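Heads up: the structure comes next, in structure tokens.
Per-chain numbering from 1; labels A, B, C and D assigned in written order.
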Amino acid sequence: MIDVNKIRKDFPILERKFNGKRMIYLDSTATSQKPIQVIDAISDYYKNYNANVHRGIYGLSEEATDLYEKSRENVSNFINSKQAESIVFVRNTTEALNLLAYTLGKKLKDGDEIITTVMEHHSNIVPWQFLKEKGVKIKYIDINEDGTLKMDEFNNLITERTKIITVTHVSNVLGTINDIKHIGKIAHENGSYFIVDGAQSVPHMPVDVENIDCDFLAFSGHKMLGPMGIGVLYGKKEILDEMDPFMGGGEMINEVHLSGATWADVPLKFEAGTPNVEGAVGLSAAVNYLKNIGMENVREHEKYLVNYALKRIEEFNGITFYGPRDSEIRGGVIAFNFKNVKNEKIAKALMDEGIMIHPHDVASILDINAVMVRSGHHCAQPLMDRLGIPATSRASFYIYNDLDDIDEFINALDNVKKVLKL
Amino acid sequence: MTYDIYMDFILENYKNPKNYGKIEKPNATSRGLNPLCGDELEIFLIIDKNIIKDIKFTGKGCAISIASASILTEMVKGKDLDYVKNLKENDLLNALGIEISPARIKCALLSYKTLKEAISNIKN
Amino acid sequence: MIDVNKIRKDFPILERKFNGKRMIYLDSTATSQKPIQVIDAISDYYKNYNANVHRGIYGLSEEATDLYEKSRENVSNFINSKQAESIVFVRNTTEALNLLAYTLGKKLKDGDEIITTVMEHHSNIVPWQFLKEKGVKIKYIDINEDGTLKMDEFNNLITERTKIITVTHVSNVLGTINDIKHIGKIAHENGSYFIVDGAQSVPHMPVDVENIDCDFLAFSGHKMLGPMGIGVLYGKKEILDEMDPFMGGGEMINEVHLSGATWADVPLKFEAGTPNVEGAVGLSAAVNYLKNIGMENVREHEKYLVNYALKRIEEFNGITFYGPRDSEIRGGVIAFNFKNVKNEKIAKALMDEGIMIHPHDVASILDINAVMVRSGHHCAQPLMDRLGIPATSRASFYIYNDLDDIDEFINALDNVKKVLKL
Amino acid sequence: MTYDIYMDFILENYKNPKNYGKIEKPNATSRGLNPLCGDELEIFLIIDKNIIKDIKFTGKGCAISIASASILTEMVKGKDLDYVKNLKENDLLNALGIEISPARIKCALLSYKTLKEAISNIKN
């Protein structure tokens, strides 16, 4: 099992106190905190190795290039990709998905279809909605009451015009772990590209692109202990090879003349401009940290936490959570609302939504206890629409959280009612 | 962050907001939205000879946004339009009597923005 | 004047030794080194303030948001932009220019024209060449023998179909400082958008967007002491307001529903996904460092260095440099080649180019002396074509360089001939 | 980085490359490009009954790429095609006898790549 006390010592920020209280960080789904190993890797890079890469002949630039490409290999191994060339460094999941929407989207025609789901993050909806302008149709798979996908709908909605199926591996609100291997089979039998949004899976469980057999996988460094400003698009090499570039500029060309240009090989074809070497080096340090713990252990730990948290929430009077109860198909994230508070003196204003305390007030009051949760639509408004609520509060867990944190969280929930005098 | 923003004055205006409800035939109205959290507010006005004869609001939102709508509507009821036009954001914040953190300022000012919008398009 | 010895102490990497020799870094045009103040700002951010921004209610997220937005204001002031909303954080200059090519480009029609110059970096050529597909024509302003732009050609090439004029402020090869204020007037009289590539000016001289009156300015953090992975697109607010977004996702929306979405206000409209808060904070620390020195002083220092270096090069037997001799219109960058070496035993292979020693060999041999220069086409192949050469070596200067560095550089040039036994 | 890559053997092959020039009617030829620096190399071959009867190259490039082309063409002249097909990158690097840094490896292997390309499309 994971030794949380040992791990916490690696995260300087967790020593901060708020209102004299130990900080309880329950917002890793938004962004994770960083271990000193990652922070030091960044400093070390700038103190000893910084240079522009690829075109430099001098030794320092070779060292920087080497660090950058070794980071690529490390990330490649981490998701069991067969070639480092499959790893394109981007800024974040959002850029990775936009890259795909722009490049794959360019080839789509009036009447072509994309299938996605109602539980997607805006990053996996809005870029595809851009394509509506040219007549591309977007179909959304609905969810069951327990927050799992209606898997039958894939076969109902898919047609020969379905060129792309793009699905999140883990929902950042419901926590649902989707059966992407199965969805991938449906996609490939139909000859559709299969894209996986791995923003909430790669940081939290073993992810094996060979096993999933996805064509593309997108994820963000900052959600997996790495720095901000670095993310990854994995793509099958033979598909990347055939694709047009996204952005133009330095590094991504073979030759440029006034008359036109030809492209470099993948992955450089997709990495226009000076790359974020620091980010790649930092991400690689994060990968090493996670490998050291073992992704199986990370997953087990979060299962354990989410089980305990759901049990405590169920015991708590008046809280509803969203998504599956079964931790086998649920990641370490719990979106919830206060409902059915036994008090007549409740704000009329929320009654019609069946929510008794607005998530903003929940987050504000939890913060008084140094318990940090997110509140809002979590960039998943279509899912909020589907659930018929304007917003939720959300607690999420990572390797530095333990049962104590959950107890503090539950205590703070009690305080919400006290502060609001309910 | 302290408990101060949930002092009794705010909680009362949240739980039993003043002027909560609709006006059937308003001659000024506006709908405000706080997209970050899905808060919605609708304000209805009856204005006669430059005077705010009646004002009501409906909507859903957090304690801060509902309380602020309650307090704001009380402030302006019976006043003339110049009063509203001269009203500054800070006047409302002062009336709330609490210190609002940056993250909650949008909640606190949703009613203010919606009211300003409403009186910028008055029907005869 | 600048106290280089004091400044150097702030740059940990400069303490490194190569082959027992002090490192002479002459490649700041590719990327600058980082002062400890920037490195520490990054560590400090992760150790104390890291959180996702904008949508967080809890205090830590407010602190991170505050740091991010204060960084935006600081960058805004640095280039004398009137509103912080004019500052869009991107990855680098390349992304800024691609953002413009995609969004402004979308509105262009068959037969519309863009004017740029033969001295541009690939980042200001390739994104515009993408638009050829839809019939957009690109016209290139030529250069004079001294490496200045043929300013008359603007009036010759401009037509009512010219929608965009995009020009580099300072050439990364010739060093030429273009009269962009004048070019901006020509653009605006014609009703064309005026874009300035500030990658090589903002780090090295005072740049005032109000005075230049450009519509857009693009630059990179990593070239101005800041971290990699952060760059800036400045745009006039009223133009940004009217533009379509570039990437879709979190942060950049107002509302998203299955039927479609509406956009947030600028600058968030252009910042899809979790932003690089670390990058913004690091860039802000870099801006503070530069402000402390004073951009007038940075410029004066580089003028002084380039003057001395050109004098030494002129005295040196057999080296040609490219670009203006007058340091008033030249930044701190010198691209050069060995020519006319008085030796019959020279590689036949290069004779026809008039270059006697290949820039790769120059860079390799300089590196033996720990003198780090770049060699190649410097992402400016059209300019290489125009100059009739395959490549150059390039030395470039910044605040941590001094006359000693230039002397070492010249000594190392002497060594090139020795090593090659010429 | 040391001076070693510019040892005499390399310099000689750079300054007076073997097999430098064109062949008028080659039955195999290829043009190689190192886009990072603009180096260009063209290789011309006369192949008869599987034997490389003649080989020449022209081009412009750095000391390493020119020397390597000189050395490689010497290595394969008179050999049969199987020899070339079995030739590994390391065989050429060993023949150069210097330690090549990653940044220069493309220079050192340009001739190798170009030769392999040439013999993959032999005309009769």
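Throughout what follows, a contact is a pair of C-beta atoms (placed from the backbone, for glycine too) under 8 Å apart; a residue touches a chain by one contact, two chains touch by 3 or more.
Remember, it's a predicted structure, so these values are computed and weren't measured experimentally.
When the C-beta contacts at A-D and at A-B are tallied, the pair with the greater total is A-B. Averaging Cα coordinates per chain places chain A and chain C 32 Å apart.
Centre-to-centre separation of chain A and chain D, using mean CA positions: 49 Å.
Work out the mean CA point of chain C and of chain D, and you get 37 Å between them.
Counting partners per residue, chain B has 1, 36, 101, 104 as the residues that reach two or more other chains. Counting partners per residue, chain A has 18, 55-59, 61, 253, 255, 360, 364, 367, 375-376, 381 as the residues that reach two or more other chains.
Every pair of chains meeting the touch criterion is listed here: A-B, A-C, A-D, B-C, C-D. By the touch criterion given at the top, residues 54-59, 61-62, 65-66, 253-255, 264 of chain A touch chain D in their complex. Residues 12-13, 16, 18, 23, 25, 27, 30-31, 33-34, 38-39, 42-43, 46-52, 55-61, 91-95, 97-98, 101-102, 118, 121-123, 125-127, 129-130, 132, 138, 140, 220, 222, 227-230, 246-253, 255-258, 260-261, 272-279, 360, 363-364, 366-367, 372-376, 379, 381-382, 385 of chain A are the ones that touch chain C when the two sit in their complex.
For chain D in complex with chain C, the touching residues are 1-3, 5-6, 11, 14-17, 20, 36-40, 58-64, 66, 101, 104, 107. By the touch rule above, chain B contacts chain C in their complex via residues 1, 33, 35-36, 101-104. Within the complex, the chain C residues that touch chain D are 18-19, 345-350, 352-353, 358-361, 364-365, 367-368, 375-377, 381, 384, 390-391, 419-421.
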